[in-house]
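What follows are several structures.
In what follows, chain A forms one complex with chain B and a second complex with chain C.
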Partner chain A sequence: MNWTQELRQGNVIVSPGEPVDQENAEDCESRLVSSVEEASHSGGSLIIDFCNVDYMSSVGLRSLMMAVKAAEQASVKILVTGMNETMQEIFRISGFEKLLLVHESLESALAAASAG
Partner chain B sequence: MSKAPATLRLTLSPRLSELTRVRNELDRYLRDCSLPDSVRNTLLVVTEEVLANIVHYGDCDEASGPIEVTVARENAVVHMEFIDSGKPFNPLEQAGRATAEQLIENRETGGFGVHLVRELTNHQQYTRTADRNHLRITKHV
Partner chain C sequence: MLVRFWGTRGSLPTAMHSGEVRDKLIAALQAANGRHFESDADIGNFIDQELDFPIRATYGGASSCVELDGTSDEYLVCDMGSGLREFGLDAMRRCHEGRKKTYNIFMSHLHWDHIMGFPFFVPAFDPEVTIRIFGGHDTIEEALRRQQERISFPVPFDFLQARFEFTTLVPGEVTDVAGCQVEVIRQHHDNDSYGYRFSCNGKSVVYSTDSEHKLEDRESMQQFVGFFHDADLVIMDTMYSLADAVSMKADWGHSSNVVAVDLCHQANARRLAMFHHEPIFDDNAIRQMHIDTIRYEELMRKDSALEVLCAYDGLEVPL
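Up next is the complex of A and B:
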């Protein structure tokens, strides 16, 4: 995957960097769950930046749900940002917009992560 | 003024390993149709959901022949059709009755696919004709 990851002020920021579908969803899932663990160890939140993620199919949503479950177990907050029109629609249809904290920008997600 | 390309027709064996090739061909075709990104992206999602359901639940095998997909842009509408020769099966009916809200509440990892297809497109129609399943889907541009 075109995955990038960094740690900022104890928060883990990840970018899948490409659409998430049947080809890479399993890889995405294991990376997301690991980043939840990393966020837990560093005492911060997980921020998922969806820039360059043109779309996610239902297996992509599955990988996201696995991250949500891991995060709930570990008391890690997940914030998301960088969503294009299609991703916003997918989040709305699936109900994920009610499950994850959506931010307009990475800066705003970081501010919220550090405040919480 | 450039013409929209002719109808895309492709076939695939009922195997998940075929989906990457299908996606790549469809992506190329949809880009040639000069559609807005959001339309292209949603059609890529819809295609994967439908084909994955046919492969997983449709009881097609190599003996029943390939799955066929046709895609055509006609002015402000994109028409898609998925045809397979497996047992009678509507790819949009195999999901349970849960709403998306219930799936989220129960932290379910599956079941979102059908919701996506129904909500991302304007019309879906399943018919069974001459021993084949036909799923027609339209998306307004």
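Up next is the complex of A and C:
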């Protein structure tokens, strides 16, 4: 799947480039779990920027859950940002807003990540 | 065909507290805002048309029991939760009016909340009654006899006068019962559960409760999409939020509203009935979950709309 990744201030920032559904959920999960490992190695957090994701179905949300579990094991913090209104609603309805730290902007997420 | 819900609560029957009734009355009187009503009919219209469901009604608290009426002169029922008691009394009334005294009951599984209505099923005491019980488990009779052993219940199974037949169904095989073709699917739940697809008079109803869906198992997900395909009504366990279903309540054997909508969308089903409501949810919480599910369906819709119903004790869905 389309995917960008960068390291900034020790934090791994990833940005899926398309909606996550049946077709690419497995790939998304694998990339997220790898990103958690990289954030662990760099001693930072994982920031997921959803600015290019219009929506996410249950299989996509599950891939996020797998990343959350990996992050708990590795003591890595996950922050999410860049969500459009649809993604925000999906997060609220699915209960995922309680599982992940949601930030309005990438700058806000970076500041929170750097604050530890 | 009419699908009639006699019990819709999951895991444990529930009852409203007096405080919840009081809260409904306060909300109703606030909505009336001092209005004068000319007649009882006017009051009824106000209640039906102007009050939201959690104010004017309740989702109810009887555990799983659903009737498919109108498929033949025989009864067709899914599960024997506490809702079975009221169904049994109403069925006896209908038998008194000439309905055939034959009951076909399909069991999702044998956990307590799905069999607890049976000791109170009054038709079982009638020697003219035939009760056929179908299910994927070969231990149905054992489960029913055990819950009527003296340590649990004063009336033993052998005291019952009805004629019983137990049939073990095999997933993948089709069985003709009470004017319907019935297909079976094995579901992920502790000690397994089974879902049923009833095809009757050109309509199809799926009953799929106590079924956890492992989203990473694409083969299994596709099996259920196939099982739900083009169904007129899918009655599905929507007990948890997705976040709960894949985290703290993973492997508890239940599904979520979000997965239900995704499966029904992929299957091109026409209606979803949210079912097996979480017993800790009050009417407001269930109503909110219903509103959220309708919204999720709108957000994720690609083709034709899926109508999202929220089952309650007493709901009748004509097909």
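Convention: the second predicted complex is superposed on the first by the 116 of 116 C-alpha atoms of A that agree within 3 Å, B and C clash if a C-alpha of one lies under 4 Å from a C-alpha of the other, contacts with A are read in each partner's own complex, and residues count from 1 in each chain.
Please note the rule applied: a contact is a pair of C-beta atoms (placed from the backbone, for glycine too) under 8 Å apart; a residue touches a chain by one contact, two chains touch by 3 or more.
What you see is a predicted model; the values in this text were computed from it and never measured.
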Combined model on chain A where chain B meets chain C, clash or fit: clash
First, second, both or neither for A:84, with chain B first and chain C second: first
Touched partner set for A:23, first chain B, second chain C, both or neither: first
Touching partner for A:42 - first (chain B), second (chain C), both, neither: neither
Larger contact residue set on chain A - chain B or chain C: B
Contacts of A:34 with chain B and chain C, given as first, second, both or neither: neither
Partner chain in contact with A:52 - chain B first, chain C second, else both or neither: neither
Clash-bearing segment of chain C, relative to chain B, as chosen among 41-49, 185-193 or 239-247: 239-247
Contact residues common to both interfaces of chain A (with chain B and with chain C): 22, 55, 57-59, 61-62, 65, 68, 86, 89-90, 93-96, 98-99
Residues of chain A touching chain B in the complex: 19, 21-23, 54-59, 61-62, 65-66, 68-69, 72, 84-86, 89-90, 93-96, 98-99
Chain C partner contacts - residues on chain A that touch it in the complex: 22, 25-26, 55, 57-59, 61-62, 65, 68, 86, 89-90, 92-96, 98-99
Residue ranges of chain B touching chain A (in the complex, touch as defined): 16, 19-20, 23, 37-38, 41-42, 44-45, 48-49, 52, 100-101, 103-104, 107-113, 115-116, 119-120
Residues of chain C that touch chain A when the two form their complex: 215-216, 218, 221, 241-244, 246-247, 256-259, 262, 292-293, 295-296, 299-300
